[in-house]
Amino acid sequence: MADLTHIGPDGRARMVDISAKADTEREAIATGRIRMAPETLARALSRDTKKGDPLAIAELAGIMGAKRTADLIPLCHPLPLTGLKVEITEAPEGGALRVIATARTTGKTGVEMEALTAVSAACLTLYDMLKAIDKSMVIEGIELLEKSGGASGSYRKPASA
Amino acid sequence: MADLTHIGPDGRARMVDISAKADTEREAIATGRIRMAPETLARALSRDTKKGDPLAIAELAGIMGAKRTADLIPLCHPLPLTGLKVEITEAPEGGALRVIATARTTGKTGVEMEALTAVSAACLTLYDMLKAIDKSMVIEGIELLEKSGGASGSYRKPASA
Amino acid sequence: MADLTHIGPDGRARMVDISAKADTEREAIATGRIRMAPETLARALSRDTKKGDPLAIAELAGIMGAKRTADLIPLCHPLPLTGLKVEITEAPEGGALRVIATARTTGKTGVEMEALTAVSAACLTLYDMLKAIDKSMVIEGIELLEKSGGASGSYRKPASA
Amino acid sequence: MADLTHIGPDGRARMVDISAKADTEREAIATGRIRMAPETLARALSRDTKKGDPLAIAELAGIMGAKRTADLIPLCHPLPLTGLKVEITEAPEGGALRVIATARTTGKTGVEMEALTAVSAACLTLYDMLKAIDKSMVIEGIELLEKSGGASGSYRKPASA
Amino acid sequence: MADLTHIGPDGRARMVDISAKADTEREAIATGRIRMAPETLARALSRDTKKGDPLAIAELAGIMGAKRTADLIPLCHPLPLTGLKVEITEAPEGGALRVIATARTTGKTGVEMEALTAVSAACLTLYDMLKAIDKSMVIEGIELLEKSGGASGSYRKPASA
Amino acid sequence: MADLTHIGPDGRARMVDISAKADTEREAIATGRIRMAPETLARALSRDTKKGDPLAIAELAGIMGAKRTADLIPLCHPLPLTGLKVEITEAPEGGALRVIATARTTGKTGVEMEALTAVSAACLTLYDMLKAIDKSMVIEGIELLEKSGGASGSYRKPASA
């Protein structure tokens, strides 16, 4: 079984040394959703105004949140994102908004945490903007869909996971 | 139906004016969990070292993340937390770690978002610390359990929600 | 002539001691504009899409920027904003977008800097979003329109200033 | 007419993907000024003390502000500055302090926003330090003077702009 | 012996709940010094220029650093400083620069950490500005001189400590 | 004698231009300690709980603090750390906890300030966690042990410094 890389041979937490790794193009895609009552969902989707659109604001919060990843996650390396996209749409299965975030960098380590942080920040922002009408919303299904680039190879979420 | 308070009569996003609200003691409790393979869970729970313990590091990340709430969520008011606790244990239903965060303040608005952000930051940190051995973990069930204080009254998650 | 309050009797920079001042409701309104070519302005105003609207994104950036005021301005006191609104419209005199920001707090010192920072962040964001089509835009006319609350009394921009 | 690069084909805001762009040396120079009453200007220029000098503090605030650019401007890429200089002097035309900021990096995208943010932070800091004696100051003329490096070529402000 | 307040009865780290404590005026004074070679000290003290003065820049860095205290120290409560002063002078015993920081707030908990963080940030900045001519400088003697306000009473450093 | 690189020929503070320097692997090791009463030290070392361990929390604070170096130190370049380790043990000479931090990057400038900032943040956090039982602790001996990489060559602390 693989080791917990954030914990050294002496059991001490560390920011893993990646100095010797090559700079390569890396991409990660993560998803998540926020489940809510039908009336809340209808309200969120109506976006009947150009400004104050909850989905657009949450997409922006996801992009900005991804830039704070290394501030939020203690052992995460700081890295300069070269691209970030967050898309919020009605979840195909209904009853929820779905967030998909794609993060890219050219660096020595992957951008999974940036993609997952973007999804989390977007979901939290949707909760914040809609909580006046519905406090029982649930954030769920935040996971990594795929990643590519780097020595450890690509990952793709198993079909039935 | 209640209005979306973050959006003004002109449809424009705004940080809601709470100047006239009273300073009262407020508390919010939120929860969430991260589901993982049995071997990953065993590894996380073993914490066979005093340092580098993934649960302790994630609890700390949750506390620190809560202090960044207003940085992450665009229309959230900044407010000085007066107490914050994050507890991570094995989920009663098994197969997951459960996070519970309790946030307190004396202020003009509630601390739901701080409690939810603490849970999210803790879950993301657990993912980061365990991803070397398991990339298929899923963060789920992030929701508000209860809140108290303030004019809008208390909230408690419905039994079957 | 009044003293430069940020500089002590010994000529040393300081964050002025406001401990003894009363907590009062305070408000400040600031404005500014970004001048641009007619085609650029038409493009910005078209906002022919619900998402990606430059004006809505810049309004949000203004709100978030105001929360960073004490990080940006060395001797500025940190204070918890209780309300913030940023409005961007076509400037009445034409050829520019106009930003108006209103900041509120209940505290020991004024929120002029928060309002002015909101305007600046909104103007910079408009520049960023439109610079692919026009690099010669000019940010101008950033000033305080009025402030109220606090012992030093109200201020209103002179009619001809 | 060029496209708004921050907005994708689907009208959604995004941090533009620059992964495929080459790392090149880039420089941008921006300017701005803060207009004030003659007495205020005399006071600012007197800097009759080694410490608490408003010009030196504002220059430093400009440098520090440039490092926060990606925090302030939602769709701006984070990038590691390799050099930054801010100079504040009396404006040649009189009645104002003039700020000139030069930003440099070796990266995949330009540093216009860093230079413009440095100028804005410096102007806001001058306002903050001088507002006890003059609230009617106006920040104006913030614009890009020139940029170089990168595939899109150099830019120089037109003579009569 | 008193308890470690940051650690709960269950041994878990927490941000201590101070909700029930009264808002009182609080002050803390901390000191520290950076020891250096005589030539380095002479150079630092010469400040033969109005701008770029290492002492003035370090004083400012101390003030700004104090505002980041709750970001840096995991279990520290965020609190709005109402005053902060940092003074750097030649140490009375010679061979070093001495930093003294005074922090004030009106709040539910003390400002010792803010004063100590201001001293640390000032010392680190002095190291940064002088390291081109002397890498063997040593930061030492960072301690609390006195604190007042709050239920736990005042503290004053013992004469011989 | 070498020049103060942070101050230009005109005496103005600047972030030194390092654009032309090569990207090389760089490492810096710094140390420091916090002196305390024997009872306090015994308490800190007992860490009789897996969670809430003051040493583990301070190590983490050191790692996170290093990532904020460019935010804290005005003229310090932002740079992406590629590795960071903080170790806290009983000081060999007794009566204190000793912190050793090792920082690594691949970049155009050294990581001395990141290592020294990690040590400072760890010491401040130890103070914060232990101050309920001992306010007379003293932080001392913060210095650079060695650095390598870059054109200016390696540095090693002189044996008797």
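Should a chain be cited, it is by its letter among A, B, C, D, E and F, assigned in written order, with residues numbered from 1 in that chain.
Just so we're on the same page, contacts are C-beta pairs under 8 Å (C-beta built on N, C-alpha and C of every residue); 3 or more make two chains touch, one makes a residue touch a chain.
Chain-to-protein mapping (UniProt): A, B, C, D, E, F = Cyclic pyranopterin monophosphate synthase.
Just so you know, these numbers come straight off a predicted model, no measurement behind them.
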item	value
Chain of greatest Cα-centre distance to chain C	F
Of C-D and D-F, pair with higher C-beta contact tally	C-D
Listed chain pair B-E, B-C or C-D that repeats interface E-F [over half of contact pairs the same by residue number]	C-D
Most distant chain from chain E by Cα centroid	A
Centre distance in Å when chain A and chain B are each reduced to the mean of their C-alpha atoms	16
Centre-to-centre distance between chain C and chain A (centres being mean Cα positions), rounded to whole Å	31
Two or more partner chains touched - positions in chain D	8, 12-14, 50-52, 56-57, 59-60, 64, 68, 71, 74-75, 80
Pairs of chains in contact (touch as defined earlier), listed by label	A-B, A-C, A-D, A-F, B-C, B-E, B-F, C-D, C-E, D-E, D-F, E-F
Chain F residues touching chain E - in the complex, by the definition given at the top	1-8, 10-14, 32, 39, 43, 48-52, 54, 57, 60-61, 64-65, 68, 71-76, 112-113, 116-117, 120-121, 123-125, 127-133, 135-144, 147, 155, 157-158, 161
Contact set on chain F toward chain B in their complex	47, 50-53, 55-57, 59-60, 64
Residues of chain D that touch chain F when the two form their complex	25, 56, 59-60, 63-64, 67-68, 80-87, 104-106
Residues on chain F engaged by chain D in the complex (per definition of touch)	8, 12-19, 70-71, 74-75, 77-80, 107-108
